[in-house]
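I've put the structures underneath this note.
The two complexes that follow have chain A in common; it is paired with chain B in the first and with chain C in the second.
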Partner chain A sequence: MENRPLEYDYTVAKLFMLTTILTGIVGMLIGVILAFQLAFPEVNTILGSGLAEYTNFSRLRPLHTDAVIFGFTLSGVFATWYYVGQRVLKVSMAESGFLMFIGKLHFVLYIIGVAAVIFSLFAGVTTSKEYAEFEWPIDIAIVVVWVLWGISVFGLIGIRREKSLYISIWYYIATFLGIAMLYLFNNMEIPTMLAASPAGETGFGAWYHSVSMYAGTNDALVQWWYGHNAVAFGFTVPIVAMIYYFLPKESGQAIYSYKLSLLSFWGLMFVYLWAGGHHLIYSTVPDWMQTMGSVFSIVLILPSWGSAINMLLTMKGEWQQVAASPLIKFMVLGSTFYMFSTLEGPIQAIKSVNAIAHFTDWIVGHVHDGVLGWVGFMIMAALYHMAPRVFKREIYSKSLMATQFWIQTLGVVLYFTSMWIAGITQGMMWRAHDEFGNLAYSFIDTVTVLHPYYTIRGVGGLLYLVGFLMFAYNIYKTMTVGRKVEESELQNASPMGA
Partner chain B sequence: MNIAELQAYGYFALTAILVLVLYGYIYHLYSKREDADGHDYEEYSNIALKDDVTDTPVSAISDDKEK
Partner chain C sequence: MFHWLEKHPFFFAVGVFIAIAFAGLIEIVPNFAQASRPVIGTTPYSTLELAGRHVYIKNSCNACHSQLIRPFKSETDRYGHYSLSGEYAYDRPFLWGSKRTGPDLMRVGNYRTTDWHENHMKNPPSVVPGSIMPAYTWMFKNIADINTAYAEQLTVAQFFAVPYNKEVPMRDGTTKIVKMGASVADANALALEEAKVIAADMKDQDVKDAVANGQIPEIVALIAYMNSLK
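== the complex of A and B ==
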C-alpha cells in the first residue's frame, strides 16, 4: 500500500454540495414563479392552456416546498454532515471502505428518491398532506435513504478517535432521530388497493394511491405535530449543528459558552415537540391542546435564544471580522434572523394574535424570514467555508460574495415586510364587520388591496434567487479556476480572491 | 376516570418530571467545572478549532485503554 498521510475524504460531501446547489436553484425558481402567479394570475398559464395542468399554482406549490425542504435543505444537511462529521470525530471516511460505500449508496438512492418525487408531483400524484405529499412507494424509498444516513452517522461515530461528541454531532443525531420518528408516524397509510367497501368491492384506485391511517381531527393533530417538528428537526436542529461548527471555525473563536450549548440543546429537545398544537388554534382539537401549543411556543424562545445569543457572543471582541468577512456576515445575520423568527413565531402562537394571523400571508412572511434569512444563509455560508477545503482552492471572489449578501438581504427584507403588511391587512379585513355583524368586505376586496404587496414579495424573491445564482457561480468558479491553496492557509478564515 | 382524563394527568406528570430533570441537569452543569472525565467543559470547543486529522483529540478514545 502507498504510504500517504491520512486525509479526510470529501467525495460524498462534494456530491451533496452539488445537489444542494441544483435543488436550491430549482426550488427557489419555482418559489419566484409562485410569487408572481399570486400577483399576476396570467402566469398560471404561461406556457399556454394546454400545459396549464403543469404550470398552475396548486401543482407547483408542493414542488416548491418539497424541493427546498427535502432537496436544498436536506442536501445541505447531508453535505455538511459528511464534512463536519469526519472533522470533529477526527476520523476519515477513507479509513472505512464500508462507510465509503454506504455514503455513496446513500447519495445514489437519494438522487433516485428526488427524481421520483419531482416526477410524481409534476404528474399530480399526491397524498395531499402538506410536506408529506409522497405516496407509499416513495415513502419506503425515503425510509431506506434515511436508514443509510443513520448507518453513516453511527458508523462514523463508532470508529471515532475523539471520545467526546462535539455539540454539532448531538444536533445531527437529534435530526436523524427526530425526522425518523416524525416521518414514520405521519406517513402511516394504507394502499387503496387493500381497502374494501361495506358492499365488498375491492381494489380501489391506482396501485400507488393510499389513504392516511388517521382520520379527521386525529389526522390534523398528527399532521401538525409532524409539520411543526419538521420545522424543528429540518430547519432548526441541523442548522444549529452547522453554525456551532462553522462560525467558531471560520472566526477562530471558541464557542462563548460550551455549557450553554449543552443546556440549550436539551431545552430545545424538551420544548419543541409540544409546540405543534399552535397550528390548530380555534380548530376542533381539544382546547387544552391548543393552550399547550401556545404556552410551549412561548417557552421555546428561551432555548432558541440560548443558542443564538451563544453564537453572537462568540464574536465578542471580534466584531471587526463581521465587517471584514462577507462569510461571517452571512452567519451573524443568519443567527440574528433565527432570533427574529423565534420571537415572531411565539407571538403568532398567542391565541388572540393567531386569530388575526392564521391563514394570512403573515405566516408565509414568518416562514420565509426563517428559511431565507436563517436556513438559506447558513447553508450557503457552510458551503462557502467548505469549498476551499474540499477543492483545495481559494474562494473565487470576495466582492461577488459581498454583493450577493447585500442583494439577498434586501430580498429577504422586501419579502417579509410586504407579507407582514399583506397578512395583517388581510386578517383585519376578514374580521371587520358593521354593528349588525355583517362582514364589511368580500374576499375579492382583500385580493385587490394585496396586489402591490404580492408584487413586492415577487421582486424580493427574485433578488434572493439572483443572489443564489451568484453563489452557484462563485462556487463553480472556485471549483474550476480558483487559485490553488496550501493546507496551511485553511486554518480559520477562508482564503478569498478579490 | 376515563382514558382522556388519565392522559391529561399522565401528560402533566410527564411534563413535571421533565422539568425537574432539565433543572437538575442545569444544576449539574453549573455546579461543577469539569465533567466525569476531568475535562473542563469549555475545552470541548477545541474539538472544532483543532480538527485536522493529525491534531490531538481533546479526549482521545485510546486514553481509556492506556489508563
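== the complex of A and C ==
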C-alpha cells in the first residue's frame, strides 16, 4: 500500500476550471464590445435605446475589468492551486474531509459572490474605485471567500508530506497575504445606513451604500497602493507560481537556478509595493512619493526579469520543444510577454515619459500586453496541461491549439501596437502648442484621430476572443471525446490528439 | 536561512508579510493628516450636489473623465489652475480617474452651463461633432436618490467632522454656510429648492414637470454637481 502512487482529488480544481473558462468568455466578450464602442459609438445602444443604460460603455467597463480579474484570473489561480497544491505538497485532498468541505464551500461562495458582483455592477452600484468597485456587503462576502481559500492553502500545507515548500507554494502564500492586506485596507468604508438625522430618523437611503474612510489625496494614495498591487498579487505573483510548476513539468526540465528564484521572489515581495506611486505622478501626492514610485518601478525590472529569465533558461538545450509543442509555445511566449510588459511598465513610470503616457491608451495597451500575453497565455497553458491529468483523457486537438496560439498572438500584437500609437499620438497632441503659445488642438481633435487605432484594437481583441473560444471548445472536447489515457502516458509532455 | 524558512510555513508567511507591508507603512502613513486639510474656498457638497456625485459614480463617468489637472502649461491652458491636494478634502471617494477618453472635469463648472450639459447629455455629437461619448437619456427619467445623499452627509459630518451648517472661509474673505437638513423631509426640501434653480435653465418639459411635482430627475442632480466643480 505504501508504495502506491497518491490518488489526487481534483473535484474542486475541475469546478474552478469551468468558471475560468466561463468568466473568461464573458469578460473578454464584454472587452470586445467596449473596444468597438470606442471605435463605433452606435454599439453603445446595441440592444436598443431602452436598454442603453445597461449596455453603454461606462456601465460595462467595470464589468469587463472585474470579470477578467476576479472571474477569469482568480478562477485560474484557484483551479491551479487545487491542482498544484496537492501535487507539490504530496498530499491528497481526499485525505481530509474537512479540507474537501472547505474547498467546495469556497467554490459555492465564490459563485455567489460572482453573481452578486455582476448584478450590482449592472445596476450601477459601485464605489467607483477601480478593481474595488464593490459595496460593503459584497466586500464582506469576498473576505469570507478569501479566508476560505486561506484555510485551504494553509490546511493543505499543514498536512503535507513533502516538508520543503516548492517555489510555487511561496508565490501562492504571497498571493493570499498580499491580496488580503491590500483589499482590507483599501475597502475601509462606513455604511451610511447607520446615519441618524437630528430629527431621530434612521434607516433611510440605500442600505448598501457606504462612504470611504479616506478622502481625496489619501484615498487616491491607498487606492493606487491597492490598484497597482492588485496587479502584482493577482496578475504577477500567482501566475509566476503557475509557470514555476507547469513549465518544468511539461518540458521535463529542472528549474535553471534555485538562487535566481530566491532572489526574484524576495526581491519582488520587497520592491513591488513601493511602485504604486507611479500611478500618481504629477498628481497632488507629495513629490517624494512620486519619485519613490518611479525609482522602485525601475528597480522592479530586476526581480521580474529574474523570474522570466529563469523560465527561459529552464528551456536551455531543449528549444526544439518550443517548435514541437504548442503548449510550450504558450508558456515561453508568456514569459517573453512578461519580460516585455515589465520593461514597458518601468519606462512608463519615468516622470517625463509618464507626462505623455498617463491618461492615454498607451496605459491600456500596457495592461493588455501583460494580461493577454502573459496572464491569459499562462492560465490557458496551465489548464491545457491539467486537462489530460484531471480528466484522464488526451487533449482533443493539437492543431487546433497551434492555430489558436497564432490567432491569439496576432491579436495581442495588433492590440498593443495600435494602443502604443494611439497613446503617444494623443499624449503629444494634448501638449502641442502653436507658434503663438496657444493649444494647437481642441480635445475632440485628439479623439477623432484615434478612430483607426480603436478599430485595429477591436479587431485584435476579437481575434483573442476567437482564440479563447477555440480553447474552450478544445477543453470541452477533451472532457467529452478525448482518447482515454493511462497514468503512464502522463509523465511530462501532455498527450495530444492530431 | 532561506532553506529553513522553506520548511517552516508560518515563519515564511510572516517574512513575506513584513516584506510587503513595509512599503505601505513608509509611503502612506506619514502624509495622512496633512493631505486631508482643506484649502480656503473648498466647501462640502450640498445634498443635491452629492446626489449628483452619486449619479456620476453610478454611471462610472470616472472611467473616461479625470478630475486631476497636472501642473503643465498645456493642462492649465486647457482646464484651468492645476489641482491642489486640499481641494479634494471632501471627496470620498476621490474621482481622479485613470484614463482621459474625454476631457478633464475638475473645473468644468467654470466654463460649461446647465444648458450646455442638458444638450450634451441628451446627444453628445450634437454639441461636440465627432464625439464618441454615448447619450445618457435615462438620466432624464430616473429619479435621483436624495435620501442616500442625506445619509452620507450625516455620516461624514459625524465621523469626519465635515463642516455642514458651519461657516467655511472663502477666498474673498467672506464665509459661506452649506446647509444640511434637520430631517429627511427637510433635506429633500433643500435639494428641491436647489433643483428648481437648475430646472429653470433647462428645456426638457418632462424634467421641468417632475421638478414642479417635487421630484428630482438624475440629470438635475448631475448638473448641480457639474456646476459645483470649480
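Just so we're on the same page, the second predicted complex is superposed on the first by the 480 of 498 C-alpha atoms of A that agree within 3 Å, B and C clash if a C-alpha of one lies under 4 Å from a C-alpha of the other, contacts with A are read in each partner's own complex, and residues count from 1 in each chain.
Everything below uses one rule, namely that a contact is a pair of C-beta atoms (placed from the backbone, for glycine too) under 8 Å apart; a residue touches a chain by one contact, two chains touch by 3 or more.
These numbers were taken from a predicted model, which means no experiment stands behind them.
Of the two partner chains placed by superposition, A:469 touches none, neither chain B nor chain C. By the touch criterion defined above, A:266 lies against chain B and chain C together after alignment on the C-alpha atoms of chain A.
With both complexes placed on chain A, chain A has more residues touched by C than by the other of chain B and chain C.
In the superposed model, A:199 makes contact with chain C only, not with chain B.
By the touch criterion stated above, A:163 is placed in contact with chain B and with chain C alike. In the superposed model, A:252 makes contact with chain B only, not with chain C. In the superposition on chain A, A:302 makes contact with neither chain B nor chain C.
Residues common to the contacts of chain A with chain B and with chain C across the two structures: 163-164, 262, 266, 270, 274.
Chain B makes touch with chain A in their complex at residues 8, 15, 18, 22, 25-26, 29-30, 37, 39, 41-49, 51, 53-55, 57-64. Residues of chain A touching chain C in their complex: 37-38, 41, 44-45, 49, 52-53, 56-59, 61-62, 124-130, 154, 157-158, 163-165, 170, 173-174, 177-178, 181, 185, 190, 192-199, 201, 204-206, 209, 211-212, 214-223, 225, 262, 266, 269-270, 272-274, 276-277, 279, 282-286, 289, 292, 296, 355, 358-361, 363-364, 430-433, 438-439, 443-444, 447-448.
Only residues 2-3, 6-7, 9, 12-13, 16-17, 19-24, 27-28, 31-32, 35-36, 57-64, 66, 68, 70-75, 77-78, 83-103, 125, 128-138, 145, 147-152, 154-156, 158-160, 181-184, 186-187 of chain C touch chain A when the two sit together in their complex.
Put simply, chain A touches chain B in their complex at residues 5-8, 87-88, 90-92, 160-164, 166-168, 244-245, 248-249, 252, 254-255, 257-259, 262-263, 266-267, 270, 274, 288.
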